[in-house]
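Could you have a look at this structure, given as structure tokens, before my questions?
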Amino acid sequence: MHSLYVAWQYLRFHKVKAVVLIAALTLITCLPLAVHILVRASEVQMLARSQATPLILGQKGSALDLVMNTLYFASKPPETITMREADRIDETGFAFAIPLYNRYTARGFPIVGTTLDYVSFRRLEIASGRMLAVLGECVLGAAVADQLGLGPGDTLISTPENPFDLAGVYPLKMQVVGVLKTRHTPDDRAVFVDVRTAWVIEGLGHGHEDVAAARDPQVVLTEQDGKLVASAKIVQYTEITPENIDSFHFHGDTGQFPLTSVIAVPHDDKAATLLMGRYLPETSAFLLIKPLGVVKALLQNIFKIQRVLNIIFAVVSVAMLLTIVLIITLSLRLRQTEIETMYKLGCSRLKMAELVAAELGVIVVVSLMLTAGLTGLALHWQTALMQQFLS
Amino acid sequence: MSLRRSGMLAWLGISLTLMAWTESQARPTVYVVNYPLQYFAERIGAGQVHVVFPAPADEDPAFWKPDVETIAAFQAADLILINGAAYARWLKTASLPKSKMIDTSRRFKVDYIEIQGTGTHSHGPTGEHSHAGTAFTTWLDFRQAAQQAQAVMEGLSRLLPEHKDAFERRYAELEQDLLALDERLGTIVAGQREQPLLASHPVYQYLAKRHGLNLQSVLWEPEVMPDDAQWDGLRSILQAHDAAWMLWEGDPLPASADKLQALGIKSLVFDPCGNTPEQGDFFSVMQQNVTRLLQAFQ
Amino acid sequence: MTDAQLPFIAIERLTFQYPEGDFYLHIPELGIDAGTKAAVIGPSGSGKTTLINLLAGIVSAVSGQIRVHGASLDQLGDAERRRFRIANVGFVFQDFALLDYLTILDNILHPYRINRALNLTPQVREHVVHLADIMGIADKLKRHVHHLSQGEKQRAAICRALATRPPLLLADEPTGNLDPANKSHILQHLFQYVDEAGATLVAVTHDHGLLSGFDRVVDFQAFDRPQRA
């Protein structure tokens, strides 16, 4: 006990040295562990999400972009396909289609345009407020609500793709009607809207005053053969309200409207195979893929990186341990007078070793406790942490 | 009564209540957007499903707008039967789960009739477009109604595969009824297809198309006396379209009927039955419609 | 001479040399009685500190006899000499040799913490507080070394030397780093302890002005330096 007491006094007095040593040791042990935990968590989560997503249909091109956009709402949207493709999948009778249009963002978070089928498919639940009911509404992932400090009753404005694009996308002021429960998936970091609301943001659908009923005569430019030609004076709504919702409409055939991808949920394995048969790479203009394969390939790369990291960690650890040994040796040399004094005061060499060991022991134990604590924290928050890395 | 016996009775009571409760819980809920679909679903589903048609009786379900709670109820349903053909305007802006929705008229989508006559206009860079809608009283062509009923049957069978046979059997009966009615109507009009007819409202497009009727519509409401401009409009139609009968959605005001009568036009009610009828059901209302139409073709 | 008749410190024909280097010490005979306050003087390098180390059993003689408080140090092994030191010797160093990371109290108690042979009892703590009181540093016990003046540091060092109530007090230039006023204070404290406890003091000093207080002066110049054997 005396040795521990003396060691503790020593470390207390030489705080900086002790902290540096503890930090160094903690880092040596923590880093590889943390990387391992994160890689494991990413593996588990990425596999879980890709396993839970049987098939993805998208434009031919980068399968990785398609999967990352569909599963993680990654920022780079793939080439679009049309709503017709989602309908075609439904019409096959092999699967039901969940359309996704993940192109726009709101205050840094992806706006995911989809149907309510996505919500039930991912088993998302409302934590507060309610589910989407009409156009112009949005439901926030838990992390979005948390970070933006928004809840039901607030509004959220979509970010224009290009602020100088006057004719193109108008920012849409969306009504926040609900917040989803935390799922520790990318869904926590998304803003969910009806796919048609996403099209409204795209400028494909809009509302305006009824031209024939417009009070301002300047609105109607000419009337030719029963056709009214309206001037640009008609208000372009940037908010869908109960008053104007009835005037919202889409120009053209919604079947031709864009989607970034379609999640196809086959009714069974046989249906999946049959559906895959309809989208053979040789003959199909589209890409129908199992995301699991793509994600597994991606994970292989992550594992490779982890292996390299592990080697780096091993080398750094050895270097750090050598440095620590050096520090201790140097410090013992600096403490030679102290050691001599203690010897003169009757201290045995064994006791001296015990004192040094106690100092090291305290450092090691504290480091290990820190490592255990940090590892525990990492394990506890791994999914949440993972999300930060994945988005 | 012994304690044991009363205990047993209590147990029986609880069991029966529980059974009734679990049955009502187990029965899938089907939401529909108009009365014909409710009728089809109830006739085919026959107690195996709980059919809900939430539009109030005094509203036209085509233009009715449900509140958020009702939309939530639609979302929570096990199956949502919609009419298609742009019926129920609220569907355009409501968020509903696509996988639960069945567009009952999808199969004859190519036969949709586009309504002309409302203004077209243009604004912005996207060019001219029209707000003219799609005629939506699809079921007034009874063959189409049968196809809608078939879609209902398929939806219910997917929902409750164990009752597929019963659904198919009941559908077959319904189909037979509808086709028989179609045939009867065909026979009635067969001789005088070219006879000019008037419709108080543009809701009989599919009926007219099915049987090649020579039908022109005005935009009148049964419960409103048409104004002078509307009468003038009618007179100008009559110059080229010498009709002797006008089809009404509901009983016209006697004054309207009298004034028409003075012009040599008789009134008859052909109820499209979009909402729940006060008496009878879809089939009986349609039978009455057909019977009434007989007068015009005698 | 029997053991009982021998002086507290008895050295005969003692020789010492370090394994390397030219240093060589020869003490033909030296006896110091118990209760004596002895000053050791001599030029630098004459072996004064070596004598202290020999008396403490830190180093051992090459030849000859050295008996302290009845123990023949020349016949004891390292461990036994260490045990002898713990039991019999109190050390006062010129540079105080206090540990900067311990409080003054912990410094004084340090011998108890680093030697299993010593038992740190409440009585010991009481004794140490009493000693600090006598030395005038009772209010500094919770302080670390760097808060103390030179004089206070040496007083703390003396407290540490006296904490185990040693019969032999060895002081190597105890006043070397002190101003004149502190020098006499420190010596008075040492003398007081020796007088009260009947202990023996052997103090190396350069300061001839202080010699008057000692009972005896051992001058290393008196030892001739025979040729190396």
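As written, the chain order gives the labels A, B and C, with residue 1 at the start of each chain.
The criterion applied here is as follows: a residue touches a chain if its C-beta (ideal position, glycine included) is under 8 Å from a C-beta of that chain, and two chains touch if they have at least 3 such contacts.
What you see is a predicted model, and the numbers here were worked out from it, not measured in a lab.
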Comparison of A-B and A-C (more C-beta pairs in contact): A-B
Chain closest to the middle, measuring from C-alpha centroids that were averaged per chain: A
Rounded Å distance between chain B and chain C, as computed from the means of their C-alpha atoms: 116
Separation of chain A from chain C, taking each centre as the mean of its C-alpha atoms, in whole Å: 73
Gap in Å, rounded to a whole number, between the CA centres of chain B and chain A: 46
Of chain B, residues touching chain A in the complex: 65, 68, 71-72, 75, 89, 92-100, 119-126, 128-129, 131
Chain A-touching residues of chain C, taken from the complex the two chains share: 56, 58, 79, 82-83, 85-86, 91, 93, 97, 99-102, 106, 110-118, 120, 144, 160
Partner chain C, residues of chain A touching it in the complex: 2-3, 5-6, 9-10, 12-14, 337-338, 341-348, 351-352, 355
Complex interface listing, chain A residues touching chain B: 90, 96-99, 115-117, 119-120, 130-135, 137, 167, 194, 196, 208, 211-212, 226-232, 234, 236, 240, 245-246, 248-249, 251-252
